Every structure is written in structure tokens, then in C-alpha cells.
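In what follows, subunit A forms one complex with subunit B and a second complex with subunit C.
Here is the complex of A and B:
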């Protein structure tokens, strides 16, 4: 019977399992997935705009004509056709790369895992934005790496803060291995690293002997026509770049990649083989055919337009309904708005009441390795319709008003006078 | 330029990368994949008997009708329908299991990786048959676990040898975490653990506090109609069972699974999420539809018949052409024959000459963590036609004859008088 017996294996686990814990909010999200709840929590792309009938035709043809290859074992590095196409995708961001230096992975999450595996011994430091992607923090923790957060402002990661963090770690005798950064439409903060800062950040890391891990799933989903030049574009030797088809095409195929300096790429391929033998050949060929046959750039434009409308719906609703003292970031692309509640709020403690009021979000603490973020929360506008987004924000505002009422009655907390778009600073003050 | 720059990351890698090395035979296999070479090396299933047109129809319908689910993110444990079907598949081997205790993984290779991750700290011991699956040895090494081999005979793993290995490890102060075993049609030795020994092996491990990792990709591919009862069937609390659709359906979808005691299963799901977020939903739904719609048991029968014919072709050719002093195992199922060459041979050193003679195999040393196996080699009969198998064995015999000629001329080595089917004992004597 599941769950009823003592765990006789408990003395046999590896030490690293101590860093693997089920999220406290997991059970709640099972409830949050009910249709009556407006979920502003997940980062699921809105797939309704995909050409499903055309894809059905392509997928079927792939099996009928190339099934003996598509359904067979393949290369641990990924199929050459797709790696060439990936180089063309990255060229949009100024990256010049050779397909030899691309490794296809089971989503870019797997590339994150393999990079950490290659670089991090227990206790090694990974620098990451404050806040940072919850899935990366989980992976780093599974390898017993220590995350040290570096502050952001409206222009993204702050160079001076990065220098200070490296110096403090060094002074404490700690080994800094990687800077993990999401330069475009950051998850969860929604801010973008300014063009001016990119070479500065790269140079700081290069001279400090810290490898940059540039995670860019959202880069092509900007709301204007600006091409944001990848950090990797100007620093091929010290940057490992991660890309994904999950946000620009479809996550259910789990195809991402790493572009890495040659020696690192060799190790990534070995790690890929030891983990999965090879990424699914069918999925790689399906995406390769999609890129070759469909107007994928127009599809990305359609996604952008959808997400822009939804962002605007969310920003409008926030301005209309949030209580005084609430601030939020204004993303130029991607999926997320980062909200800072007035003093006294605890977004994790409030989540059950929000779900009861039929709205869900991710509490800010999920995005910190160090317990910060209790006054923050992440709202996603990618999946629900604009009408549902407005309704969700309205419900959230109702919950906040109720909390404020309680705080005023019992004298806890205090609100700040500001309201509106602000930097993503955590509640460090 | 790939390969031309010094590796500036070389001081930044994790210690575990020292256990990650490119196989010396990798480059050779690129050559071995040329069509003029008869490859008896790979373990690729013979997919030609799959109903590709019917599958094309199914895959297309899956996208057209359920694309919004199939192409979206999913559960880290795998979709419930498939986990239920997996329980039905395992029931054929006497396993009673609940879908809650199944975790779907990217091939069973990923389940191997995650199990090692959960159980093994650097230096921990994993017991494994001598010889054992090369891909498992690579994964164990990537986690800095130490493999201690346990001898087999024609009835598989020898219980007395297992007891002795555990005692020796304990006496040396080493922690034994897992017994890794492939009970059916073992890779590479082709032998099967006898029914009588199964509960004995299970009891030895249970009372020693060692978790059994039962890897069973070939279990349904036996050449007779015998149902071989899984070790897990009689020991649900101390066995982690790994299964795969790669050999019974198609490896290009990379879908395998682990069935684990409840507490272990919880950790496997966390590790699965941290590695890939979730296994590809499309692939899981495609296999679930295949199992629901097609006569998959007849497909497995067709596979069996194909592989039986090929095994017979190989055994006949070995008997006809191998030089005196050569012995081999006689598998009752699966993909592999394990060949022991006469004394004086070195199968790894001989491989370049074999590839020049247009035949490829895997040298025995690949299947040992401790340098044994230099006189052994693994021959696969799963992929080439019977005619090609006979031709491949004939070419291999020609290479052996040439080597013998050289050895006789220069007085190295000596042949034993035996020839024919034998136990899989390595060259320990």
C-alpha cells in the first residue's frame, strides 16, 4: 500500500537527497489546476495558435516515411540537421556557432542539469539573479551547489553587485563556478539585461574565471522588434548558452539545447549519453521538419502578439485593482510579471486563501535559495485569456484587500504609499 | 574553431568528470556504421516489423485531436494512463503493482541515472554481474560509485559469490548500496538467472540491507513461452524494477520506467523533475495509444521469432567457423551472445583489424569496471539479417584465424581444446 510502510531504504540514500524536497506548494497546485481556478502560476505556452492539423500531417509522414530512423536509437549529441537549424535560430541573436558545438537535450532543463553535473562539486557556488528560475535552483540544490544571489534593477543584473558577490565568495574561501543568468524577460522578474551591461557582465566573469551559463528560453518572445544580442554572441569561449523549443514551439516534445565551448561540449555529450543514451530521435526529427516546412518565424510573431495582449490585460488589471503599496515589473517580453506586495504581506502564507478565492500564483520565496521573497509573487500571463487574467487579478486584489483589513484590525504590517511599476528588488530592506 | 583552443574551463570541472571518459572504441564505431561493415556491435532492435503505416495514422491523430495536451508540459511522474498500462505489462511477469509507484523516464537509462543519483555517494559500492551492461557501468562511474563484479554461471548470478562479495566489501569498510542485475538474457552475457536462484538472491540482499536494482529490458523477448517471474514479483519492498519500451516497441521515443517502493518513488519523481521537468508527454501518449490500439503482444511475438532466427543463424555460424578454443553462451532470448576467445587473444586490440575486415563487435573490456574481459567480446544478432550475421561471423573467424597464425609464428598465446557453448566466466584464471 503506497505511503503506509516505513522506508527501509532511508539509511541508504545519497547525501544529495537531503537537498531534494517536495515543494510545499505542490499539493496546492493540484487544486489550482481545477478549471474554476484562474491559474496565474504556471509557465505553460498558449498552444492554441499552433497549426495542429498541419503538424498532424507532418508527424504522420515522419513515421510513415522515416520511421525506421525516427523510432531507432540515435546520437548522444543530437541529429545533425536539427543542430544546423538550431544555429540558424541562434543567429537571430547574433550568435555565430558551429553545429559541432551544439548538444541537443531533453528540454533545456536537462542541459541545466548536465552543466551543473559537469561543473559543480558539493559546496561550489553558483551566482544567480535575485530572484531566479525555481527549476534551476532545484537542480543546483540536487548537486549540492550553493546559490549566491546577485541583485537586479530595471536593467537586469547589476555589475557592481556581481563583482561584490564574487569578491565576498572568494574572501570566504568559496569556489565560484558559474554565473547563471536569464538575460531576456527574466523568469520570474520579467526584466531584461540592458545592452550596455552585457559585455560588462561577460568581462567580469571572464576575468574572474567564472563560466557564464546564459539561459535564454524567451529571447525570441520580445514585444518589440528589437533583436537582443546574446551574451554568447561576443564571448564564445566563456559562455554556455541554453536554448529551448518549449516556449517558441511546444514543450511536450522536450527539446532544448546547449551551445558550449568545444571542450565543455565534449563533456556534455558524455553526460547526455550516460543519462539518456540519446535524446528522442522522433522528437528531434519532428522539430527539424517543423522548422524546415512551416513558417516558424510567423508562428513566433503570433505567439508574441498573443502574449503582448495578455501582458497588457494583466498590467491594466494590476493598475486598476492592486491596493496601494503594491508594485510590479513591466516585462518587454516573455511570460511573467513580478509583484511586490506592501509590507506585512506573506505571499506563501496567503496562497491557500488565494486558491480558495479561485486564483493561483507562485509565491516569491520559490525563486530564492535564501528565504527572501516573502512579499513577492510571480504572475504569469502566458496561458489564460485576457478576460481570465483580468478576473484573476481582480480575485487576487480581493484577497489582498481582505488581508489588509485583517492587518489593519490587528495592527500588523504597514503599507507604503507607492503603487505601480517598480524594480524587482526583494524585501531586503 | 572547434578543437583548436586550450580548455580554459579545465580547472572548473567537478571531480566526477574524471570518471567520464569517451570510449576508446567510439571513433571506431563511426567507421563500423558504414553499410559495408556487418555490425554485430549495437543493440538496435529490428524495427522493420513495426506497423509503420498504422503508427503514422495514430501519431497524426494524436496531434490533431489531443495536440494541446500532447504538446504541453506534463507531470513529472508520467501520465496516469501509461502508468496503468505499464502495470499491465509488468503483470505478465507476475508483478502486482499500483500505478502510483511507477515513474516514467526518458528510457530506462534515465531511471538508472536517477536511481544512482538517489542512492550513491562517491565511493559507495554497486554490485553488478561480471560482465555487466556498459551503459550502467558508465552511469555508476559518473556518480563516482565503485562497481564490484559478482561471478555468473549458466544459471546467472551465483548466490555464494554474491554473499562473498558483500562480506568482502563490508570487511573493507565499504558501503554496499545496490545490486544491479539483469536477470533475463543478460547484456552482454546472454544468460538468465534461474528460477530457483531468484528468491535466494532477493533474500541475500534483503537481509544485507542492499537494494536490488532489477533491470529487465529483454524479459518479454524470450524464445520459449516460459514466463520468467520478476525478482520484484516476490519482493516489492526491496526491489527497484526498471522496464523499457525500447526493445519491445521502439527506442526512438525514449520511454522507460521505474517501479519502486513508495518512498523511493517519491525521490525518483523529484529527481525526474529536477532533470527534465517531465518526460515528453507526446511520447508517453503515443505509446499509450499504441498499447491501447494495436495488438502489441503479437508484435512482441513477431520480434521474438525474428530474433530466434537470428540467434540460430549466429550460433550455427559460430559452430561452423570459430577456431578451436573459442566458447560462447547460448541465450534463450534477448539480443546477445558472449564469446570467449582462446588464450592469447585481445579482443580490444583486435577490433581495428576486424573493422578493416568489415565486421564489428564490442570488446569484452567494455563490460567490466576492472579491466577484465580482454579475451571476451559481445556479438549482437538483433539487427542484421541472418545472411549478414553468417557473413559477419565468417569475417570474424577469418580475423581470428589470421591472429592465430601470427601467434603461432611468434609463439604467443595458446589455444584450449574446447570449442562451443560455455558459461560466461571471464578470463580470471
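Here is the complex of A and C:
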């Protein structure tokens, strides 16, 4: 009897499914949505301040008056009205763009996927900040691209480290295709690329023949209201810019975009069509109406104020409760604080203890393609109330106390390799 | 008696490390029971549960919770208080079976085989010095060893240790799930899982399911990634070893006072002796779980089996 593996397709899967497996760490996040647990793990925006009654009216009118268009197939590039409005949104960050160069996608995650698809063959190198967005690492892995991390400091990506990484890759005969960067309030580190470094990074990439993939979901969510100039604003030919309405409006509509140089844009449109035919017309029209009818900039201000209060709650709680030797970043916007624990802690290994203590976070190893990050963890302040954030950090401190005791007993360095997905699903608060 | 009109509460979820597995078990058994014509309410074990029970008074409950309260007798005790009959072992015996060292000891006293073990709390390592204790463990039990939390399933926190130097990280991994660990001698052999189903004629063992993980280790990933483990039902054992595995599971069911349905995990060693590992009082019911495989291999249907157990529970009272 040959037995059964419970998967008759097992020998037919593509190699790129290698990392798609059950993961004990990911399973632990199943409790994160329970009200008993303070989840500092997910990145769900706090939508309670949206004008839901007004939106209901507007979206109802969309079906009633324009349903035959909104519910029909549409352009693979996205509807023209929205692309024009997207250009107005990007103008806030100094970008001058033509709507013809905008490709609307199903969230910027899809733009990330399409860009990787048209640029990367298996084995090609994508440079990314250390650490980097877990969803991007997953996409790069799916296309069998190799991620090489580049160090950051408090001013974001370090130019010298970028040069060194490119040189090392070249010396090893590896082909570097893209630099993937989140310049503003980076996920997960919360740091922002300084204004001074932006042109330097752009020039390094341009002269090295590496295309910049600038991912900017949080750019409008800076707490000081200062608009940071996009890298794309000064380098339209070598930068592909990704934007999203998920953080500034609502992620459930899944609308993002890519702004790309003409030749790249052509390929993105074809890739988009081969994937979805067209991004959802109804959702695009809904966002277009929202931008045209509502005071969306005031909504963003409301989001900023909410997130600022929550960031302050988190920073205050960290200062009050974290053990000596713990450090963390101080984000000027966005959703995340990146915490570095004292030597010897293993944030993935202690996650079960955290779940027992009814608090959740994302282990740092999720944000590296190379198993680094065991001492780090990402805390989100976007969704829980300030009171819950304080309680969550207090619980986390208790978890660290327990872990410290185990470390004292067994010594440091008893960390374990982790495999498989280590981040929560998108609907985890 | 027909079960058409029965209203059954299926409990799944909980706040344990095995919540995700439990939700899948709950969903699967709910579907199976509905296909048998039962009215099923699938609910989490949370603060809304008792008011819901008071209002709806289901005829019976099926516990698809894994780990923690679902298996340590707590939820069973709550159901006993409410007077709702439920499928499975009562709260007192759950508490015994839930503790792996206790279950091993009770079985060993009755002459059954189980790997030599020690149960150690974290503070023992702290107070006596971890290095000395690790050396003593390796010296006494020999290598390789298994290190696991004393409670819980799905192999969470469990690992095999082949060298003394790997012991601290294995212990740290197990202590993340609780303050006490079980360290036992690693038994080489055929890993099997035997479901015991108790009907009007008494308990009987269903065909053993043999597990052969591709990675060599039947860990969480191997258990829940379809395709990463090969299952043989019945297990590829000779007649005597097959009988030994069945006898062990039946003995565990009897000695530990288990009821209705249970699953015993064991290793059949090179001599054909079935060595007890642990029991599950609320076994997994997911697509990759072994109890449904054993039920299927017996020519039975999961929904029918549980529908009969529900009638049995109702007839029992509570």
C-alpha cells in the first residue's frame, strides 16, 4: 500500500510553492482577533472615523445612477477619472505625473507583484531595507528572486551600505534588478529616509542600472503634516512609484496604483490584464466619488491625529515597562514601532508565551529573508485604543520578564531556526 | 432513536495555541453532523457561551476544542454544571489524561510500555543549574531525547534532541508553552495513532494510522501541510504489532477512564512493542487529522459516528 499524502498534486507544484506551508508561528495569530487578546500584530487601519452614512449614500447612488458602468468590465489600466485624481494625490509629495503613466491595481500589493513579475527571473537580486515589508518579501520569494538586505539607520537606508551591497552582488556575478524601498515611516522599522539621502540613493541606483521601486503607502500619514518629497519626484525615469488608498481611506476596496515610466507602464498594463483583466470598476468609481465629494484631506488629518495619540501611548508605555537594554524606533508617522530586545531574546520563540499572556506582536524574523531579526519585533499602534495599547505593552513586559528568567537559566544563544510564514493574515487587527 | 431533531452545540476556537486547528476541526464536524440531519450551532468558548446555553439549551455538545480548557477538563466541567450532555471524556479524567507524565505513569503502573521520562519544572533547572541538569538528563536517559511541554497537542513546543548542545534551545522552546516539561527517551520505530471508538458493545480500536513525515519529524508543519506526510491506514505492521498497538490504545482508554472516543499516539519499536506517547481526549478533526482517517478506513462516516456518540451521550444523561 503506497499510503496517502492527502495531496494528490504534491509532485506537480511549482518550485515557488516551497515556502507555502503550515506554520506554528502563523497559527498562533489565530487568537489575535479575539477581544481578550491585545493585538499589536496586525496593520489594520482604524476605520471608525470614516463617514459611513455619507459613504453609504454615495455608493448607493453609484449603483443607482451609474451601475451599468460601475458593474461592467473596464480598462486594464484603470478608469481615467481616478487616474487623474491619483495624480493630484501624488502632487502633494512633489510628483508631477500624467494620468497615462498611472496603472490602477488591486491594492499596491498587486502592483508589487506585477512589477516583480516583469522584472525578475529566478535568482535575480532585489535589494531591500533590513528589515523590510513581509508582504513584499513574500512576493519576491514567489518569483524566486533573491533578497539582499541593505542596512538602515535612523535616517533610513544607508547609501554606503547600498553601494557595498550592489558591488558585492556584482562581484558574485549576481544580477541586481530592483531596489525596493519604503522611504516614509517604513514597515516595519518606522524610520523615514532623510531628505538629504533621497537624491543620493536615486543617483546610486541610476548609475548602477538598478530600478527603484518606491513603495509609499504611509506617506500622507506623517504626524508633523510635513510632506516629504517622493524619490520619484526628482527621478521620473528610474523610479516606479507604488501608492495605495488602503491606509488613507479603506483597505477593503483594494485599490492601489503604480506610476511608472512609459515603457514599464505598457508592460504593467498587459501584466495587469493577464492577471485580473481590469481592476474592479465599482471600487475605483467609489474611490473616485469619495475623492471628489468628501473632504478626504480632513479625513487624513483625522487619521493622523488618531495614530499620533496611539503612537504616543505606545512610546509612553514602552518607556514605562520595557526592561533595560530594550530600544525602539520613534516613528514620525505610519503604523509601526520596531523594538530591539536585549541580547539573547528570541521574539519568535517567545510568541507562545505572549499568546498565553493575551498579547500579540509580529516576530522580527518575519521581516528578513535571511533569518535575521530574532531580537526584534514589530508593534502596531494603528488599531487598538490607547488604553489597550498600554495594557498590551504591560502584558508584553510580563512576557519578557518570564523569558528573561528562562534565558538566565539556559543562557543566551538558545535560539532556534524558524521556517514558514511568520506574519498574521491581513485581517488580523 | 433518530437524531433528526437534535440540536447540537459544537464548541471550537478557544484561546489556546491550537485555536486555528480547533476552528478547522469545528468547521469539519459541523458540516459532517449537518449532513446527518442534525441542527448544529458552532460557537466559540467565550463569555457569550453560558448565556447562549441558558437560552438555547442544546440537546448535546461536541467539544472540538484542542489544548488548554478544551482538553484539561475545564469546558467539560462547565458543561456538567449546565447539565448539557456531551461527547467525550468527563472532566475528572480529562484532567488526568491532559497531563502527559500523569498519563504515562498511570499506564506504566499497569505494565504498559512507555519511554523512560523525567518531568521537570523550569525552577528546577534554575535552582540546580541548567548545564548540570542537562548533562544529568542526557547521562540518565541517553541520546536522542524528546523534549515537550507536559500539556497540549499538535507537537507545539516539542523537539527531538540529538546532541546535548541542542538541549537548551529545545527546553527554551518547550518552556514557551508552559512551566513544566517532559523529557523522554527517543523511541525509534513506526509512529502510529490509534482511535478508540466506544459504542454499545464497548470500546473498539479502529485501524492504526501510520505517519511517515517527509522531513522525518512529525511537527506542526508536517501535521498541517497537506502533502508533507504520508499516512498509511492501516499501518504497515505485522499482525502481532498491529494487535499490540490496538491493545495499547484500548488499555489507555480504559485505564485513563476515557469515554466515547479517544486517540492514542504510540511508537511501535523494533521488537513490535507499542510504546505509549500520549492520548488526545479531543482529537483533531481537520482534513489532515488522523481520527477521520481511521474512521474512513473502517468504512464509517465521521458524521454518523459522532451522531451516534451524541445519542449515546444523551442517553447517558450528561
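Basically, the second predicted complex is superposed on the first by the 397 of 429 C-alpha atoms of A that agree within 3 Å, B and C clash if a C-alpha of one lies under 4 Å from a C-alpha of the other, contacts with A are read in each partner's own complex, and residues count from 1 in each chain.
We adopt the following convention: contacts are C-beta pairs under 8 Å (C-beta built on N, C-alpha and C of every residue); 3 or more make two chains touch, one makes a residue touch a chain.
Because the structure is a prediction, the values reported are computed rather than measured.
*Asks:* After lining up the shared chain so the two structures overlap, which partner does A:21 touch, if you call subunit B first and subunit C second: first, second, both or neither?
*Replies:* A:21: touches subunit B and subunit C.
*Asks:* Have a look at where A:42 lands relative to subunit B and subunit C in the superposition and call it first, second, both or neither.
*Replies:* Once the two structures are laid over each other on A, A:42 reaches subunit B alone.
*Asks:* Contact-wise, after the overlay, does A:121 reach subunit B, subunit C, both or neither (first, second, both, neither)?
*Replies:* First partner only, subunit B.
*Asks:* Quick check on the superposed pair: does A:10 touch subunit B, subunit C, both, or neither? Answer first, second, both or neither.
*Replies:* A:10 sits against subunit B and subunit C alike.
*Asks:* Figure out whether A:302 sits in contact with subunit B (first) or subunit C (second), or with both, or with neither.
*Replies:* In the superposition, A:302 touches no partner, neither subunit B nor subunit C.
*Asks:* After the superposition on A, what does A:163 contact: first (subunit B), second (subunit C), both or neither?
*Replies:* In the superposed model, A:163 contacts neither subunit B nor subunit C.
*Asks:* Determine, under the contact definition given at the top, whether A:267 touches first (subunit B), second (subunit C), both, or neither.
*Replies:* first
*Asks:* Report for A:92: first if it touches subunit B alone, second if subunit C alone, otherwise both or neither.
*Replies:* Touch status of A:92: no partner.
*Asks:* Under the contact definition given at the top, report the residues of subunit A touching subunit B in one complex and subunit C in the other.
*Replies:* 2-3, 5, 7, 9-10, 21-22
*Asks:* For the complex, give me every residue of subunit B touching subunit A.
*Replies:* 2-3, 5, 7-17, 20-22, 42-45, 47-48, 50, 52-53, 55-57, 59-64, 67-74, 98, 100-101, 106-107, 109-110, 113, 117-121, 124, 135, 138-139, 142-143, 177, 209, 211, 237-238, 246, 250-254, 261-264, 266-267, 270-271, 273-283
*Asks:* So in the complex, which bits of subunit C are touching subunit A?
*Replies:* Going by the criterion above, the answer is residues 13, 15-21, 23, 46, 122, 125-126, 130, 154, 156-157, 159, 168-169, 171-173, 175-177, 210, 212, 219-221, 223-233, 236, 287-288.
*Asks:* Enumerate the contact residues on subunit A facing subunit C in the complex.
*Replies:* For this pair, the touching residues of subunit A are 1-7, 9-10, 21-24, 27-28, 30-31, 34, 36-37, 346, 349-353, 355-356, 358, 403, 405-411, 414-416, 419-420.
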